[in-house]
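Following this line, the structures themselves.
Okay, so chain A shows up in both of these, paired with chain B first and chain C after.
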Partner chain A sequence: MIGRWTIPLIVALAAACGVPFVAGDYLIGVALSLAMWIALTESWILLSGLTGYVSLGHVVFYGLGAYVGILLWGEVGGVLAVGGAGLASGVFALAVGYPALRVRGPYFVMLTFGLAEFCKYIVIDVEAGLGQFSRLLLGGPSVLQLYYVVLGLAAAATALTFFVARSRLGYALRAIRENEEAAETVGVPVAFCKLAAFALSAIIPGMVGALMVARSSYFEPSQVFDPIVSFTIVTMAIIGGSDDARGPFLGAALLVLLSEILWARAPQVYMILLGILLIAFVLFAPGGITGRLLSRPVKVKP
Partner chain B sequence: MSQGLLQLTDIVAGYGDVMALHGVSLAVRDGSVTALLGSNGAGKSTLLKTAAGILTPRRGEIAFDGAAIAGKRASERVERGIVLIPEGRLIFPEMSVEENLRVGAFAPHARPHVARGLERAYALFPRLAERRRQSGGTLSGGEQQMLALGRGLMAEPRLLLLDEPTLGLAPLIAQSIFTVIERLRADGLTILLAEQDARRTLAIADYGYVLESGTGVMEGSGAELLADPKINSAYLGL
Partner chain C sequence: MQAILSWQLLFAALVTGSIYVLVALGLNLVYGTMRLLNVAHGDMVMIGAYVSYWLFTLSGLSPLLSMLIAAALTAALGALAYVGLFRRLLANRQLVQRLEGNSLLLFFGISIVIQNLASLAFDSTPRAYQYLDRVVAIGNLGITENRLAALIVTGILSLVIVLFLRFHIYGLAIKALMQHREAATVVGIDVERVQILSFCIGFGVAGLAGALLSMMEQITPFMGFPFTIAAFVVVILGGLGNLLGGMAAGLLLGILETYGVALTSPSLRSVLIYGVFILVLLVRPQGLLGGKRVVR
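Entry: the complex of A and B
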């Protein structure tokens, strides 16, 4: 597996690093957005793809990271603000994960969605109480700098998901996905493993959130906690294939491309097409592009 | 009764506000097969889950090999050698037979012995060896029960908690499961066996307990219980 995918991935990464040398600001912006979605979707797969606990509130980590980022950036500088944002999201995941991960299936879906909305309104209220309705971030890094950092995070998120999936923790998460009670009887520390996956999936979105605030140069709670972000992540994962680390590349690339082509000219068509794609994949190719097109017969080891 | 390998004392346990066990005490001697009899809903599964740490008792003490383990999590108990084979053959349906077995050796103390465990499981159940590449969900009910047993053995247990291993199986397959249980006992494994088939269970059990509505109502050696007129009328239909 490593052998087959290492070279294409290195080529893709090298090509991604080369984008700014041949592209203008517009294309760098598109590439930045693609890298952002890959980072977010990869981190979602680490939790939801591997454990089967489908989160519809992944934006909460992005939004919290954005908030912590904007609060810290002017005080301590960009590097520490981004690190602090990732740390805050990870700590938040540890704090809410234990109770949240006790419910399964549709209840977990609704709980994560509700949690993200709840946090959004808390932040809106806190900001309103402080007399702030949006915040500006001036003198942030250039698009080019942001692109390289987010690209690095996308690569890190991919590597993290890839290696966790193949680790002892990944093995445990897969057992939990297939039958949680059976996993417990064979000695998998179920609660601990789920919490670890939840926290690991939260850190990178937190950092990305802080960076994207720097990109748009202002912070507005209802935008950084927008549930559409969560829906888009899930859609990208389903279209690309949520079973391993390869899926998000295809899902994110397809949707970012569609969005760039259609969003400005025909936004309604984009949303309709998104819905049709999602339904079609769920019905006819639940394994996504990777599951459908790239899967090969299981090799029988001697 | 002498101190057992597993000792449950005055266990009260259940689900939410509904208690399924009301102060049950039980001992499993080292190297024995101990039977746990009772009708549906008597509390047999609850007792086994409590012993395995899947369920936390409301009250009572659990000792394994002399150490109090009531506060230990399920994974820590597996590490000590207490392994539950749950009712209903909870296998991993998408994993192959061999992967199912390998996951059974998840506990740190069992990891170095995967090769030996696989060999033993395939020797006990040649059918699993034939189907090692097949996914668990495609196996028949009897084969899934064999897989659940084999997977439990991969954890290198000292005490096996077996919850209704022959439930819903064809008579011949059920018979082969009992044969395997006797072989495991001969290999020195200690077994606590919850079963509805009282006659066959008592025939191989050294000692037995009878639960009724969450309370222990009777105990004795396998032969004593088999000869008891109340047991005869209630569980053997004679």
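Entry: the complex of A and C
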């Protein structure tokens, strides 16, 4: 598996590094979006794809990172702000994950969604209380610089998911997905593994959030905590196939393309298509594109 | 302090709570009979609200009549969703293994589609109309007629549904399906028909609740989700299949929300609802199925 997929991935990464030399600003922007979604979706897969604890609130880490980023950027500079955003998201995940990961299955899904919305309204209220309805970030980095940093994060997220999936922790997480009681019985430290996956999946989205605020040079709570982000992540992962690190590339590429064509002109049409794709893939191809097209025939469970 | 203790506030809490009771009822039916987690439930409230809004603004039809049209339309949508999507989901042996999760994703997709179709059709500006907004005085309690009407309608409808489930043959069949699926099949219940019926009643009642709501509050294409969340809180608190428990929980949530907002500030309304939701899930991590199942 490593041999089969490492080379195409490295080629893709090299090609991605070369994009700014041949493409104009518009295409660099598109490539930046693509890298951002890959980073977010890979992080999501580390938790939800491997453990089956589907998070419908992953935007909370992105939003939190954006908030920490905008608060720190002017004070300590970009590098520390992005690092701080990642750290804050990771610590937040540890704190929240401890109680939240006791909640199983679909209730966890709803809990994550509720948690993200809860945090959104908290930040909105805090900002309103401070008399701030939006914040500006001036003197941020250029799109080109951002592109390389986010590309690096996308590569890091992919590598992280790739290696975790093949590590002891990865097997433990898959065991939890298939049967948590059985995993616990054979000695998998279930609570620890889940918490570790949750924290690992939070750090990169936090950093991406801070960077994306720098890109738009504008912070508004309801925008960075927009549930559409979570929804897009889940749809990308499900379209692509969520059991390993390859899926997000296909899902993200498809949806970024769709969004470039439609988002500016008809955002509702884009969202409707997203919903239809989600329904279609859940019903007809639950393994996603990778599960359906690229893998060996699906084993039918007895 | 005076305002907090007033009858006014209690009445407002009852109205909010009674709407929650109706919305949660449908969620309870669909989950109870099929284990489907309908996160698009609140969008039926939104559709019902728009039906009444348009019928009133275009033809002056009273929402108290158009609520029946709203209910019929959303019930038809329920039947459509069942026949088109969920029958397939329930029949697929692989997908049924993670039925709750898959149904949640499906309904979530449906919810996104419905919300954006509505926002495409009606744009997303909040809308409202005035109907029965005269204030009547009962003792020293001043209330608008539309709220009074809404409370009366929800009261009657809740009673009808309780009686239906207790005495009507199909009501009993629904309860049987909630209690024990296999046993229900064995005694000859037409599961397919009862499931469609659950979808129709559940969606229809939510649509009707939306029609009532449109008399009292502004409506937007994205108004549904808070109702879905509220309905989940009510069902979890009240207990699966426990309709009387659900009614108590609905009123409790109405009181909690109304007094919570009155004591703090209106901007904390969402924080409050989501806070209660999170708390309920954390305290009962086993979800709806945990503990004793009482079907009343």
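The working rule: the second predicted complex is superposed on the first by the 292 of 302 C-alpha atoms of A that agree within 3 Å, B and C clash if a C-alpha of one lies under 4 Å from a C-alpha of the other, contacts with A are read in each partner's own complex, and residues count from 1 in each chain.
The working rule: a contact is a pair of C-beta atoms (placed from the backbone, for glycine too) under 8 Å apart; a residue touches a chain by one contact, two chains touch by 3 or more.
Small disclaimer: the values here were computed from a predicted structure and weren't measured.
Engineer: Determine, under the contact definition given at the top, whether A:Tyr171 touches first (chain B), second (chain C), both, or neither.
Structural biologist: first
Engineer: Just chain B (first), just chain C (second), both, or neither: which does A:Leu56 touch?
Structural biologist: second
Engineer: If you tally the residues of chain A touched by each partner, is the higher count for chain B or for chain C?
Structural biologist: Per-residue touch count on chain A favours C.
Engineer: Which partner does A:Arg265 contact after superposing on A: first (chain B), second (chain C), both, neither?
Structural biologist: neither
Engineer: Could you tell me if A:Ile279 is touching chain B, chain C, both of them or neither one (first, second, both, neither)?
Structural biologist: In the superposition, A:Ile279 touches chain C alone.
Engineer: For A:Gly105, select first, second, both or neither according to whether it touches chain B, chain C, the two together, or no partner.
Structural biologist: Only chain C is touched by A:Gly105; chain B is not.
Engineer: Starting from the residues of chain A touching chain B, keep only those that also touch chain C in the other complex, and list them.
Structural biologist: 300
Engineer: Spell out the part of chain B that touches chain A in their complex, as residue ranges.
Structural biologist: Counting only chain B, the residues touching chain A are 52, 54, 73-75, 78-79, 83-86, 90-95, 103-104, 106-107, 110, 133, 151-152, 154-155.
Engineer: Which residues of chain C touch chain A in their complex?
Structural biologist: 37, 39, 85, 88-89, 92, 94-95, 97-98, 100-106, 108-113, 115-117, 119-120, 229, 232, 267-268, 270-271, 274-275, 277-278, 281-282, 285-288
Engineer: Can you check the complex and tell me which residues of chain A touch chain B?
Structural biologist: The touching residues are 171-172, 174-175, 178-179, 181-191, 298, 300.
Engineer: Inside the complex, what are the residues of chain A that reach chain C?
Structural biologist: 52, 54, 56, 99-100, 102-107, 109-111, 114-115, 117-118, 121-122, 124-125, 128, 231, 234, 238, 268-269, 271-272, 274-279, 282-283, 286, 300-301
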